[in-house]
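Both complexes below contain chain A, partnered by chain B and then by chain C.
Up next, the complex of A and B:
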């Protein structure tokens, strides 16, 4: 209870208070009412990239979440099917999750390198011309989403647990009824996994809307260079934008307001998912 | 129920513990202790230099200096949080563009008259501490960017913009897989270097006294157009590769003295030289480096200023600034030790003589990142002309600052 008050409720409520103030961390906060919220939404002189960051984040969420879930499910199905060496593969597929974000960023900067990158070499095998992934505005979000899918280990483990939870008798019954593997997957396995998918969808969307560490390390590149969100702000996610205002441009009040706008948005999105997405296994 | 009681008790104990941490400890010891915040050491040797300076100062003054080292990327975040929670250091490093913000809202102290002899410091470096004609700190070290060139492609470094353009064109023409030069990008870093180019055409970014934006005038447009003109002979697909210059994929780049050591260390075979930035009408450059300030809410202001004067005096400033990766700001120190810098550093020393401080506006970082950087990017990507990009950026800057000029 004390933990809840000190570390969760108090910071959240003070952030709410500061979102109604003009505060730079150093001087006393001045009450400005709803001005921060209004300026964020309508004043493109003060916050020229607010809507850009919203757009970037939504695009990222729309690409990264399905890609992550699909990859996780595919990996879980493969792991579930093999009998020998499954522990080794489980470890390998889970490794990206426990790797430090800074190392992940460094590795992927290298993989996406326009001259030496393995991604381009791989595409070259199929005759696809190399791309300048992290410096072409249109390619930045897909490139980031792909890294997220690569890090899908936790979703994969949860899917694997879900697959293990499907009773063998159901599968066997389907086989006896003459269902092909594809039919078995779409008619039996996937519907049985619906609660798992729903859980991963909700948590995945929440995580994607808050993506920060990955873009930060990818675009800072460890060179101590300032992070302005990639070429033409194409990688300026909402939380990176928030971070810049909080700690680089000294507008903590506005940053608190941004965090509450995000909070409300996440609540709405989550409520909508609960209302419209099927959650029960069938 | 029992669990809830223990929980509450633990919470209360925790609160008391937190309060105790915030409270004052022994007053006598406090008067003789100074807390100094700085960036984390770049090398172990740098740590030794700082340690030596600290113990000497402690012995000479009978005090304790507590040095807190923080990674550069986290520094401003930590400092902001410390100030907000009232646990500020007494004295510490502050990024140059932050000095005006912190000075205007009273977070840092004005330097008392007579603390140091102002003439002992390079003017450009000292001016990065000046807000409304008052000094709010001392420059610990300063630095500038210069032109790095690969001797394989560039026999003699270009002095003017025309020579630079011819040379990049020739490098790329001779071998289409080699870029003429790593052209800076429209990001925060590129926007930081750009004022030096503008100054090379005889311009500056703003006129703070008359509240006028100047970067959309001809020198600014020419400076941006220079980068646009260099791009065709310096394709991004080559220069965006990691360490393109170091790997011999690009003939030239603009960077700072820290890369001299990095390249020698990691690419010992690369034959490169450094030269002052090419210019249009006059030699010029930008300035960077570290300033140190005394915080208003810190203790022992007198001792703090003494410490800063000690770090920047002619005896110590060379050693310290070399450890930090920059150059001495103390003229006597720089002149006495000029020989210790070696030929690769000469170009930077040249640049520092003509380096100009950034506008001392509290909003400058935001303008740099959110207005100038995107303007540079939109011109470089060919979406608009240099003039349009800068006129547009100037209008946005005026609106943000509430200026009319």
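Up next, the complex of A and C:
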């Protein structure tokens, strides 16, 4: 029990406390009230990239979450339609999930290599000119979102479980009624998967808002202060920004304030989503 | 009927093969690059096999692995990762199981409130807790040490929750019978509860292993000494210091990825189960 107080409860409360202070982890924290929050939100000289990181993160979430869920659902539907070999395919599609973020970042940096990368070679087969994916501000977020979709295996497994939970009798009834496969999907399967989709949406949004390891690996040129968040900060996600403040610029107070803003934001989103579910249930 | 079914399934299989290729090719590319001589890596036409760029002969090499293990420090990091997982995973299993057992079976004052509080703590994003947890680790004198890697991670609310639910499902009569036979609480725990819980313990063990083997964020913030680096951290360092030498980086990535893939192949069923429950702690 003491453990939870030390590593869970105390940190949670102290994060709140430190967010009101000016603190570098070594000296004593100095109380500054709401200054951190105010500076982050309004002072774009002191914190020039705060809003940029918010924007990057929201963009990433808006692209990555639907792409991931769509891919996962498609994979699950395909897997569910076959018998023979479904275990093998499931395993292959699942491989990216158990891969370390550090390795994922390293591998994709190599795949996206502008000159020798496999992605550009592949596009070249269709006559699409190669891109410098990770060095073109507009392409950074789509490139990251694609990696997220590549790693959709967890959602795929959960969708698959959802599909297995749909009784055969309903499916058969729809077939007897003469529904086409497309109609069956939209009228029967998809509505029955709604709770699953909702769960994946909530957890997916929460995870996407916190994306860090991957961008850290991809956009860290070296030690010191050289982590920039990609070309023109196009990959500077909120948590990467937070990390830089905390561990590169010794601005622990501001970092705690940022983490608390994120916390409140996540709480609001979660609450809204649950309210939405309740309405739907009633 | 038979043939029509076959025809109907063909596009599904084609789609699955394509999707599986997208998920697997990056790994093949990683392995291929890791076995290539430096001079054979940067070719106009990418080759998925380690071939000599001039003659086209089969010419794999282990040089890259040798280099990253010796010079790149990945040998040390590999051992560190193994060591951390060997200590952390069993310790965590024991502590989580004990905590879960007391939450499931030992009525103590305030138990349910405490449990709810713990679950509420799970809602707080990890990143919010990161800075204060580092501070606590520092104050306990565990910063930048193996203990700092292990102790703060040695209990997981999610795993306790999972184990508690399982323990609750075990019939209480077994315990009563044992108590009548004169068994003490710890005896019941060791002799009855744990043996009956093998499936769920296996799930917790495997998902914990994967999670901690891959974890980048906590080692990144808690460690300074490169001698202590775990594999993901050392790989991240390698990726930034050798960013021009994909063959070294891919050898490093293979070292991080292959052990987990082997575990996945052996325990696939349990892992899929575990993922469906825990979402790999995300």
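Quick note on the criterion: the second predicted complex is superposed on the first by the 266 of 282 C-alpha atoms of A that agree within 3 Å, B and C clash if a C-alpha of one lies under 4 Å from a C-alpha of the other, contacts with A are read in each partner's own complex, and residues count from 1 in each chain.
We take it that a contact is a pair of C-beta atoms (placed from the backbone, for glycine too) under 8 Å apart; a residue touches a chain by one contact, two chains touch by 3 or more.
Values in this document were obtained by computation on a predicted structure and should not be read as measured data.
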| item | value |
| --- | --- |
| When chain B and chain C are modelled together on chain A, clash or fit | clash |
| First, second, both or neither for A:207, with chain B first and chain C second | second |
| Partner chain(s) touched by A:158 [first = chain B, second = chain C, both, neither] | second |
| Touching partner for A:232 - first (chain B), second (chain C), both, neither | first |
| First (chain B), second (chain C), both or neither touched by A:125 | neither |
| Greater residue coverage of chain A in the superposed arrangement, chain B or chain C | C |
| Contacts of A:109 with chain B and chain C, given as first, second, both or neither | both |
| Which superposed partner A:176 touches (first chain B, second chain C, both, neither) | neither |
| Which superposed partner A:220 touches (first chain B, second chain C, both, neither) | both |
| Which of chain B and chain C A:249 touches, first, second, both or neither | first |
| Partner chain in contact with A:95 - chain B first, chain C second, else both or neither | second |
| Among 63-71, 99-107, 189-197 or 387-395 on chain B, the segment whose C-alpha atoms clash with chain C after superposition | 63-71 |
| Footprint overlap on chain A, comparing chain B with chain C | 1, 3, 6, 25, 109-110, 113, 115-116, 220, 246-247, 252 |
| Residue ranges of chain B touching chain A (in the complex, touch as defined) | 4, 7-8, 10-12, 14-15, 72-73, 76-77, 80-81, 83-84, 101-102, 105-107, 185-189, 192, 236-238, 240-242, 244, 247, 249, 362-363, 365-366, 369-371, 373-374, 377-378, 381, 396, 399-400 |
| Parts of chain C lying in touch with chain A, wherever the complex brings them together | 9, 12-13, 15-16, 19-20, 22-27, 29-30, 33, 41-43, 45-46, 95, 114, 117-118, 121, 123-136, 138, 140, 152, 154-155, 157, 210, 213-214, 216-217, 220-221, 231-233, 235-237, 239-241, 243, 246, 249-250, 252-253, 256-257, 260-261, 263-265, 268, 271-272, 275-276, 279-280, 282 |
| Residue ranges of chain A in contact with chain C within the complex | 1, 3-4, 6-12, 14-15, 18, 25, 74-75, 78-79, 81-82, 85, 87, 89-103, 105-111, 113, 115-116, 118, 121, 150, 153-154, 157-158, 161, 203, 206-207, 210, 212-213, 216-217, 220-223, 239, 242-243, 246-247, 252, 255-256, 259-260, 262-263, 266-267, 270 |
| Of chain A, residues touching chain B in the complex | 1-3, 5-6, 24-27, 45-46, 48-49, 109-110, 113-116, 130, 132, 134-135, 220, 224-228, 231-233, 244, 246-250, 252 |
